[in-house]
Amino acid sequence: MDYDFIPKGHNRCSFGTFAAGMVILGVIVLWGFYAAALCWIKGLNQTNMNDSYGFALWIWADLAVIAIGGGAFFTGLLRYVIGLDELKNIINFAVIVGFCCYCSAMLILAIDIGQPLRGWFIFWHANVHSMLTEVAFCLSLYLCVLAIEYLPLILENGKIDEVPFFHNLSHTMHGAMAVFAATGAFLSCFHQGSLGGVTGVLFGRPFGYREGIFVWPWTFFLYTWSAAACGPCFTMLTCKITETITGKRLVKDNVYDLLAKISGWMIGTYIVAKIADTVYWATVTSPSMGFGLMDYYSLHPLHHGIWILILEIVVCGVVPALILISQKGRATKPLFNLAIVLAVLGVCLNRWVMVMTPMAMPVMTFDSWVTYFPSWQEIATTILPFAGGIMVVALSYRYLPVFPQEKELNSKR
Amino acid sequence: MKKETEHKPGKKYGMVIDLDKCTGCGSCMAACMAENNVPCKDDESNKLSSITWIRVYRLTNRKPFPETEICYLPRPCMHCGGVGDQGHSPCVSVCPATATDYDHGTGIVSQIYTRCFGCRYCMAACPYHARYFNWWDPVWPGDLKKTLSPNVSPRMRGVVEKCSFCFHRYQLAMEKAYVEGRRDLEEGEYQTACTQACPSGAITFGDLDNPDHAVAKMKEHPNAFRLLERLQTNPKVYYISSREWVRRAGDNYLKNEPTNSKPRAAAHHG
Amino acid sequence: MKIDRRSFLALGLGAAAGTAFTPLPWKLTDDASIWTQNWRWLPLPEDGDVTYETTACTLCPGGCGIRVRKVKDRIVKIEGLPEHPVNQGGICALGISGTQILYGGSRVTSPMRRSGDRGKNEWTRITWDEALAEVKAQINALVDADKADTIACITGSDRGTVPLLFKRLLAVLGSPNFMTTATMEDSYRAVFRKMHGLKGPVDVRFDFENTGFVLSFGSGLIEGWGSPLRMIRAANVWKANKTPMIQVEQRLSNTAAFSGGLLAVNPGTEADLALGLCHAIISGNLHQAGSVSGFAEFANLLKQKYSVDTVATKTGLKATAIVDLARKFANPASRSVAVCGRGKGTTAGSMREFMAVHALNILAGRVNAPGGVFAVPAPDDIAWAGDTVMTSAISGKTRIDEAGTGAYTLADSLLNRIPSGIVEKGESSIGLLFVSEANPVYTLSGTKNVRKAFKKIPYIVSFATCLDDTTAYADLILPNHSYLERYQDVPVRAGLSKPLVNLTKPVSAPVYDTQNVGDTVISIAKSLEGSVAEAFPWENYEDCLAKTLGGRWETLKEKGFVEGEANPVALGNVILPSEMPDIPAISGDGNLPLILLPKDSMRLWGDAVADPPFALKIVPDTELKGTETVVEVSPKTAVAQGLEDGKEAVLTTTLKSVTVKVAVSDGIMDGVVAIPRGLGRSSAEKYLDDKGVNVCELMEPQEDKVSGFDAVIGTRASLKRA
Amino acid sequence: MSTSNHEADSLAPGEAPDRKQGAPGGVIVLFFIVGFALSMAFGWLVFPKLLYSEKNQPFDFNHKIHMDLVDSGCESCHVFREDGTYAGVPTLAQCADCHQDVQGESKDEEVFVNEYVANEKEVPWLIYSRQPDCVFFSHAAHVKMAEMECKECHGDIGESESLKVYRENRITGYSQDIWGENIAGIRKNTWDGMKMTDCGKCHEERMGSKGPCFQCHK
């Protein structure tokens, strides 16, 4: 039925199967938009957020998707700026995943603010001292860059390509891709960093506050580094999932291996920096504000015990780093898969701990720690971008030549 | 036309709250709500979404009965000046839309509710929980609308609000002074609603820098302290308590640190 | 010319590009955000001339002066009156919330006739003429049936012209059944009668401003006992002067916390402690000599039953602590005073406790002494022609509550005896009931019985300003102006050191179709014609006020209050008891493991007036959470009963089982459950309606054998995990 | 950015095979221009008309006549209250001081006296310079302290002989005078607009800064 639109020489599932999947995802998306509409029309009272959890599920989801969407800028950087040519085989996919992640982030932000119609004040009445302003500017610019990077791929759809204007546009854009990739990397470094800064500058919140250099707290650099380290893991993870679902091999092992090796070293270096940061914070910064390390982890041991720190740094940091750095680890499929899953979990956990907890963590000695569970509206709107993302990836995979190696890898059979 | 270019040294309005006098009655909270058009929802027992610009906390010495002691501590906005009173208060610096700022003329952290778009970053920044989010549209059913004061604009849902040290009272006092050809206020001309209402007279309000104002002397009391001084937020609300455990509860200390330990002298962010 | 899709695409692109160069998108974006800044469903406070007017607050017996801030004709805020002797500018949360009573959703907006079952709050609006005609018919029917003496009236106070107008109406109709709700002041009066042989109206006053040592037996001195604002100021004077404050209580109430001198005794042993202190004083020969009869017998009683050691065991205190306290208390230089009346003093309490504490004051020479407790004559400055004739006409008649006769000579009014009387008899001895500024269905213990009894009363007329539990049982409501819309003289008791009369003024025009209750009573009387009408010779209530108050009327109108002087009553011979009444302070089933004690919260008002929204909003979540009362228990009790902080539990007494939430607190004795008073109201407005449980529903009343008042201070209970 | 070796890649720009005959480039450009022009016309000419609704004042008022009759200019009727606050538009009581009965021959005065004075009803004037509720504006600070003239913000309404039509923004409910008559927001005179930017501009010029939020917001 949609045969004309499917890239030539590629096998795709039947339109019926595809449409069924799309309908299921579409329903989830609609459910999400219904929840979002409730939030827009009735306000944030639809959530279970409160004055201790003003930063809650959404903000975490926001930071997490941006972190795991970091694969796009970092792979782009490696491919176009550093010149690792093998990565051209995964770069398209990285861009699509990144694009989905950033769209999700923007959507969640649009729901998360109390007065969405005034959202543009962040640009118009910008406060340059605020990390959030920096985030808003870089984030929206980078989303444009991602769109520009994604566009030529869309234009390569056989049907669209028939139009000479689009054909030419696509061609011209290809040429300029390195410039965009560089711009994207630059913007990403900044907004990933400023997202780290969001927590790091909160000098009223000892759990989140970090010292740093100039206007940037250490979290600024840690966030950029961790996104660069774990973003590609998410790209690989989603790629592996796509391979599983489609039952095809899409990217050659040497590409995975290269990206994983780089990720491994990135995670390794990141985790060393993170440990150094944690030690300095626990022994110098925090005590100067009157907090010992265990003060943070003993208030609510079940909810936020020291286990969370160990889980983040050791289990989801050191372990995947070691696996991915070692040749053997990368070569052993289950270990490799475990490592990329752990790395993704690690960066998400880091965002969770760094974004939600500083606000919920009592600072006044007589204040108390409360727990929070999101409302269905929050959950629905958080699932919405994931479902939407899967739709975009599926559509792209079906109709666009995303994987250059697909034909080769699958014609052997 | 007279140009207002002359810059006089700014004032630094602040509060001294004598916790030995506070009974925990909650008048300050009610007076504040009545003064500032703070609405009431059907259910306000969830204190995590209940707007009370000044909130009375109940502190205990955490000893078993009957050695237990309780101290009530009213907490308005601290109107932090930041290091050196340069206006680097935790919340002001983070607001992405410049919807809140530091008034160097009065030392008050001021805000525009209609500018705020509800990102709640300032709430995350404030360790005192002094900022409140309007999760709901305010409602005054029936004739309760008649209780609304025109001096303070009701806030819509989706924005953050907090104690303003009754700034509209400052504005009104200044208007009166202007019409009378003055530019300065007497101590009694500008007082907050909570100060006025307190049955114990536990709250004193005035210019912390003006030696003629009571607060200037009171803040030097040996038992005076501020909340979370070690964070270098530089609050403008001082507390006095004769009880050591209360003063210690005002800040965080490591196990063996003596009360009143200051932060290390390291250069602070910003 | 060939036109295809692409041409239209170009048209669209051109339009889009063109639009970007017009103000349209930018202006719309701006206007959309401005729209959010002026949402039309948000109320816009109207501006106007600002004026201040002074009046008095009547929401509690405290007698504070207030000033209202008006914008045009709206009252936007109530503040304390700086020049008023009671509060000197301060004001409590309830007082501030007065605007929400004036404009609140619980106001009765016109005369109403009941249209549904009692308690259901279903009403039909009627006119004033219809309403007054109905009252007239009811009265006439009883007069014709020679049952005029079954007309009864319940008011919140017996002071000032309005209660006296009611009293007069009853008297001229031939009914002695004028009743008021009993407070700790009535118990003090009973004590003066019992232990000093005083007759007639006598008031208690406390010279707190000159006190040097305060020993409080569970009185919530800063929670609202007496005059709340005066007490807070006095307590601050004590603190400034380092005056010791000893609070005998089972939990760290605001008073206990403020005093820093909590003395935790076992529940219900306060009287024993007082007697133990008496014993210590006598055995230490520290007592003040005076004209005392029955001293030897009293001393013997103490020796036999209340020796320091016995009391130490009973109360859980150390004997040395008791002796030490007694020594300090009895030291003449201490200028000490012992105070009782539980919580806010809105209940009468047990005579055993009042007598024991008063004996302590007597032994220490603290009665009618500077800084101590005084007996003063109640003001009798309201005198109307024919008073004596009417009084003597009804003096022979027996009151329904039997107050002042037989076994009940100490009390003037025993409202608490009415419900049990009606329920026992199975029929109402009251033919027609007036209720004004009182809420007996809510405030009397054993609510279930009270409701049953009120259902049996043939006709109830309520003069309420706001709907409440009692008004829900009325047949007719003749709504009163709120205190901000009416003139009324309000003599203040509340233990003030000087007599004080406040005047409320109509600082707001009537918001609804209501009428000053004074005017309503006068017009009822006038409608009855004959001798009844003649007894009310005034044109209207204002005329009555002007003529009654004489020279003070103008002063009151101008200044808002008049302060007087009162000389103490000569006490004559003191009669110390030879036997203490044996009334268990804790009612209920002894098999239940815990003791339930009501707590008078500083932010919850448990009397006739319910918490308006502001006051309710500041109630901590350790007293009310959602729609459930939160009870306070100690960590040990929680463990023993398997309870968890913040979780639900079932609270059971002999009367009722209710679901509550649990707050575990360090500030309470093991084995005790504290429950806030003031919740569980029905027919208030939506903010408070059906939230929590009324303490009175759980408490079995306990008639005091000496006074006849309800003596219950606590009840046995169990608290189990829900 | 695809790197797939699609066959189209081998084609040079512009050489794309024209499989279907479409409209010629000229037509497309023409359509683009038409679209552009139409939307320009709509945005600049029609949109402002749609945005505002027109409302008439209850009756007309001649400022000029009144100005000639009073001694202390605008402040004769637009008074400061004793507490220093500004009363704004005169109340009925103020006007009725003179206009208890009809004095002149104007129809508008007749309406005023017969409909409002006689019924003791305040005139529901539509106020051109009404600021939203969130704004605090101190006339005392500007007029008394800074000695600014009314005209500087209000223009020459004091010399007008009749009241102009009141235009209300349908979305915001603001008077058109806040944004200014020029839809693009261009100002020629100081009184051409009363938006926050207008206040801010003047404050920056004369005070050195816009001032803190609370200076103008409540």
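A, B, C and D label the chains in the order they appear, each numbered from 1.
The rule is short, and it goes like this: a residue touches a chain if its C-beta (ideal position, glycine included) is under 8 Å from a C-beta of that chain, and two chains touch if they have at least 3 such contacts.
This structure is a prediction, so every number in the text was calculated from the model and none was measured.
Trainee: Quick one: which chain's Cα centre is the longest way from chain C's?
Mentor: Centroid comparison gives A as the farthest chain from chain C.
Trainee: With contacts counted as defined, which of the two, B-C or A-C, has more C-beta pairs across the interface?
Mentor: More C-beta contacts join the chains of B-C.
Trainee: Based on Cα centres, what is the most central chain?
Mentor: Here the chain at the core of the arrangement is B.
Trainee: Please work out the Cα centroid separation of chain B and chain C, and write it as a whole number of Å.
Mentor: Averaging C-alpha atoms per chain gives centres 33 Å apart.
Trainee: In angstrom, rounded to a whole number, how far apart do the mean CA points of chain A and chain C lie?
Mentor: The mean C-alpha positions of chain A and chain C differ by 61 Å.
Trainee: Averaging over Cα atoms per chain, report the distance between chain C and chain D in Å.
Mentor: The answer is 56 Å.
Trainee: Mind checking the centre-to-centre distance between chain A and chain B? Centres are C-alpha means, answer in whole Å.
Mentor: Computed from C-alpha means, the inter-chain centre distance equals 39 Å.
Trainee: On chain D, where are the residues touching two or more other chains?
Mentor: 83, 85, 132-134
Trainee: Using the touch rule from the top of the page, what residues of chain B touch 2 or more other chains?
Mentor: Counting only residues that touch two or more other chains, chain B contributes 46, 58, 99, 114-115, 137, 153-154, 156, 158.
Trainee: Which chain C residues sit where two or more other chains touch them?
Mentor: Expected reply: 32, 35-37, 45, 47.
Trainee: Taking the touch rule as given, give the residues of chain C at its contact with chain A in the complex, in rising order.
Mentor: 29, 32-33, 35-36
Trainee: In the complex, go through chain A and note every residue touching chain C.
Mentor: The touching residues are 115, 117-118, 120-121.
Trainee: Give the list of chain D residues in touch with chain C in this complex.
Mentor: For chain D paired with chain C, touching residues are 21-24, 27-29, 31-40, 42-44, 47-48, 51, 81, 83, 85, 87-88, 132-134, 169, 171-174, 179, 183-185.
Trainee: Please give the residue numbers of chain B that touch chain C in the complex, ascending.
Mentor: 20-21, 23-27, 29-31, 33-35, 37, 40, 42-47, 50, 52, 56, 58, 60, 62-66, 68-72, 114, 137-138, 140-150, 153-154, 156, 158, 196-201
Trainee: Name, in rising order, each residue of chain A that touches chain B in their complex.
Mentor: 43-45, 49-55, 112-116, 118-119, 121-122, 124-127, 129-133, 136, 198, 201-206, 209, 211-212, 215, 217, 287-292, 295, 358-359, 363-367, 370
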